[in-house]
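First subunit A sits with subunit B, and in the next complex the same chain sits with subunit C.
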Partner chain A sequence: MTTVSVVESLRQQIATCETQLGYLRQQLAEAEHLQQQRRLRGEESVRRTTDYDPLAHDMSYGLSDDFRSEIFAALSHAEEEQQEQSVQRWPLDRTEYKRYGRQLIMPEIGLQGQLRLKNASVLIVGVGGLGCPAAAYLVGAGVGTVGLVDGDVVEESNLHRQILHSTPRIGMTKVDSARVALNSLNPNVRLISHPTRLSPESAIATFQPYDLVLDCTDTPASRYLISDTCVLLGKPLVSASALRTDGQLMVLNNPPRAKGDGSGGPCYRCVFPKPPPPESVVSCGDGGILGPVVGVMGVLQALEAIKVITAEQPGVNGNSVRPTPADSPSLLIFSAYANPMFRSIRLRARKPKCAACSTQASVTPDALNSGSLDYVQFCGSINPVNTLSANERISVDNYAKIRMEVNPFTGMEPSRDSHILVDVREKVQFDLCSLDGSINIPFSTVSSVLTKEASEVESKWASELRSHSDKPIFVLCRLGNDSQLTVKRMKELGLDNGGQRWIGDIKGGLRAWRENVDNDFPEY
Partner chain B sequence: MSEEKRKDAVQVTVEFSGGLEMLFEHQRKLQISMAKKGEEVPNVAELVSHLCNDVMKDSRKDLFVLDGTVRPGILVLINDADWELEGEDQYELQEGDNILFVSTLHGG
Partner chain C sequence: MAPVKVPSGHFSILYFAAASSFTGKSSEHIAAPLRAGSLFEELEKKYPGMEAKVLASCAVTVNLDYIEIDGGNAPDLDLVIQEGDEVAIIPPVSSG
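And then the complex of A and B:
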């Protein structure tokens, strides 16, 4: 970030805080005004009593001072008692009746449901695309305590989907930004900040005080950690995820029975005993995400949380309410562009040999607290691609020289026609912005297998490149990984004429190009 | 269409979700015919290897199959139920079955 934008961001943050401060001052003024009015009304009612009541008349004019003060004391005591009674008279505050009226009149919630919400505490891990809508609905519904865990700060690219954050709060921690929005939505909810990334060492202590956990994170490692912690502490877990146009939702460890108790709900490890290979894991940053898709999933998490919290508790006779078939473990799949959009899948029960929730579990509180469970290692990580030798690669600075100056390798004059620039980003990205003169051969096309039917289609791009066999080929992508794999593939296909033609990749891709050569090239 | 009526083959619907469709040329739904070997009915394991070897054109095979079975992180659902409820890859295909492959998502 440049200094200018830091200054601007700070200015905006100050402006936001000042707005918030102004809002709080206004609230304080209103509250003081209300208090003043109540006091005045109280004094007035006493005066009225004094003015019009015959007894008061006697007290004012016909009784001794001592007796009068005794009566006054008794009367005011009675009034206090009445006030106390009015506090206890209704199970909810009058403002709560008003605020939650529309859900209170539903049999699914009712008075008991609202009281359960009020007494509940929910931990939301991740205050992003899922966490924002989930938190908004839970705070709106009057969940008593909501904890927020996130170590990130608000970025501009978050705002199309992370609805609690706002443009002036870019750069603020997500937890603080969410607090501002949630507090103004419903100031009656107690909000607890955990402005750090969840770690195995801190997970148990963080989760302990809460009744229910929402997994709104975005990595496999955090999903296993959150599930394991919920199993160890016996807390139900509402887990959701989203990517591109799809979303998935599961209620796990519900009911949260003891280890090895088959009547308890399955955990994340029962459903996914092994983590996916890291190269199959796609983030929203790489794959894309449509705002309402992740929004739908976050809203559904809030809904499932409300259902779990307000569910009938074990009956007075000790008969626990049996889960109905609809409550049996399931995975809800949302596909925005499929018909139907929603699909519910029956999941397995607890896995008898599950590493977390069975009697043979290897996941223990000690293992977690000591940090001996390495979730990042368990899930693996992708190393940046580094498959080419140094002479098959060129830096963005040197490539810029080729475009604008004499080629340092061949001594060729700068010319668009002197070489072929292949951009292997998918077409949709290529259409957003590209370098002049580059041609688009998407990586998915490059990496598809040569089958008999496909060979004709494939030969189009390959034969096109073959027809200019004298020109070196420079391969470019977004970050510099796919470009290397493409160079390898082109050489496998013999496009380098057995080493006669130079084929190489531009290191660091368009990100490096923007950083080192052309600051004006759009970042997306 | 005559193939549908064939008694020596089983017709099933195969669906992809969670991004797996991208490995199958963005097709979400396929009709697959699996030949019977005499009296032997093809099972899900054979369907998976057919999909991987004959249907999938993307070279990134290990994003679908790893160590001879569907890779970790993909749920296989037989008629909307986890295949673990149906005998996993030994489940014998029946005419009209719906086999759904779902890749888990992690974004949020």
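And then the complex of A and C:
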């Protein structure tokens, strides 16, 4: 680490601590203010009962004033007792009536619904684009206990969508950052931190104390793990996901009946028995995500959670006033640029041969606890691409020399015309920033399937490259994977003239270029 | 993806998420009737590689109802997709 980055890092840490300190001071001030108000209220009510009141004297059946005062004083001698009395008098605290008033007066919630929320505990796995809005609405609504699971720290690229985090808290753990925001939103909610990544070994112990789980994670492996754990522990699960402009939402294992009981709700495996091939799994970092898209899915998770928690339990006489969530399970598809934006798919009941929720289930608590269920293996993983030989690759430093320095062998001045630099990032990324003189051939074009239309497009870029058959081709991408695959593809198409022309990739892509050559090149 | 009239003798098919990226389309029309069990085969013909890379892990719906057509004894293989039906290919989205 260079001195500059050490200084920068220290500055950031100090800024983070100062912000935290600011929040703590603010919370202390609020707590002191609250305490003082309570004390004043207590004194006031004691005074009310002891002050001389001529009318009260007449109404006191001639009991001596002193005796009466003594009794009242005994009845209300301490502030705490005064508080307890008011708690006992009404099911909710006075401040709760005020805070939750707008939802309390709705028939869907009412007093019973609010008490259910207050007694409920919800676990939110993942405090990112989904978890932030979901947590904000659940804490705002007065869910009694909210657990937060996340092993990551806040990064600048999170902030456009992860609404609980903020610029001064970059570098803080997401769990701590969310706690600061949630505590300031509603200090009545008990927040529980689980600042680690969920693992098969820890899942059961982590989930056990909670009534309901929200899957706000971002990998196929965690989705199967969370669903399996909820099935094993009999907990309903609200699962959502989002990428680019699309989102999905399901309420799973609801109601959470025993394995093989067809009246229980389906689990994640019932709907998606097979994980997507790992090479097709795109993260928000690679594929992109629009803030409101993931936001709307997180908000809907909070809504579904509130519906599940406050749902009228089937009464003795079977008549329920409150609307209950639709009985049949569904998959809600959100597609921001489609019309209509929402589609609700009717799902089937549990699959009779489901690996998790049927009588033939292979997912068991022992298998989970012992770690013998390998979710990463089940979902597959991709290793960084490494398909080229050493002489088909060049480091960013050496490529920089070719661009900037006199060639030590030929004594030639550097010239951009001496070679072709192909940048295979998608056009939208290429338009953000690119190296001078590079030409853009998006990887999707290079790798596209050979349908009739595609082959015409392909021949266009390929013939373009063929027309300069003497110049070596350097292929560049964002991280250095697609560039290797492109080199292979170009050679398959014979663009290297049977080995006459050098085609190779620039190792580590533009990330390496930024780190080793040009610190000013934008990171996105 | 505005709802357009389906030409006669066709059903419409919607591609979501990864299916949309793979086909480069959000929807199209395919000749009806078609046995549900032949749907993946038909799509694989149009988009080579799609079955392994996308379809194998997808949920499939007909007129907003989830159907099961994966595996030799899946219950809906013989369901017939009719003219005017709306089929959707829904890959699992796992990011968040």
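Quick note on the criterion: the second predicted complex is superposed on the first by the 412 of 524 C-alpha atoms of A that agree within 3 Å, B and C clash if a C-alpha of one lies under 4 Å from a C-alpha of the other, contacts with A are read in each partner's own complex, and residues count from 1 in each chain.
By definition in this document, a residue touches a chain if its C-beta (ideal position, glycine included) is under 8 Å from a C-beta of that chain, and two chains touch if they have at least 3 such contacts.
What you are looking at is a predicted structure, and each value in this text was computed from that prediction instead of being measured.
When the two complexes are overlaid on subunit A, subunit B and subunit C occupy overlapping space and clash. Of the two partner chains placed by the overlay, only subunit B lies in contact with A:Ser447; subunit C stays clear of it. Of the two partner chains placed by the overlay, neither subunit B nor subunit C lies in contact with A:Leu111.
When both complexes are overlaid on chain A, the residue A:Ala15 reaches neither subunit B nor subunit C. Contact with neither subunit B nor subunit C is seen for A:Leu28 once the two complexes are overlaid on the shared chain.
Within the superposed three-chain model, A:Ile382 lies out of touch with both subunit B and subunit C [touch as defined at top]. Overlap of the subunit B and subunit C interfaces on subunit A comprises residues 126, 128-131, 216-220, 223, 240-244, 246-248, 271-277, 279-284, 287, 289, 294, 331, 333, 335, 338, 343-348, 449, 451.
Taken in their complex, subunit A has these residues touching subunit B: 126, 128-131, 215-220, 223, 240-244, 246-248, 271-277, 279-284, 287, 289, 294, 331, 333, 335, 338, 343-348, 444, 447-449, 451, 454.
Across the complex, subunit C meets subunit A through its residues 1-3, 16-18, 26, 46-50, 52-54, 56-57, 59, 61, 64-66, 68, 70, 88, 90-96.
On subunit B, the positions that touch subunit A within their shared complex are 17-19, 22, 28, 56-60, 62-63, 66, 71-75, 77, 80-82, 84-85, 100, 102-108. Across the interface of their complex, subunit C is touched by residues 126, 128-131, 216-220, 223, 240-244, 246-248, 271-277, 279-284, 287, 289, 294, 297, 331, 333, 335, 337-339, 343-348, 351, 449-451 of subunit A.
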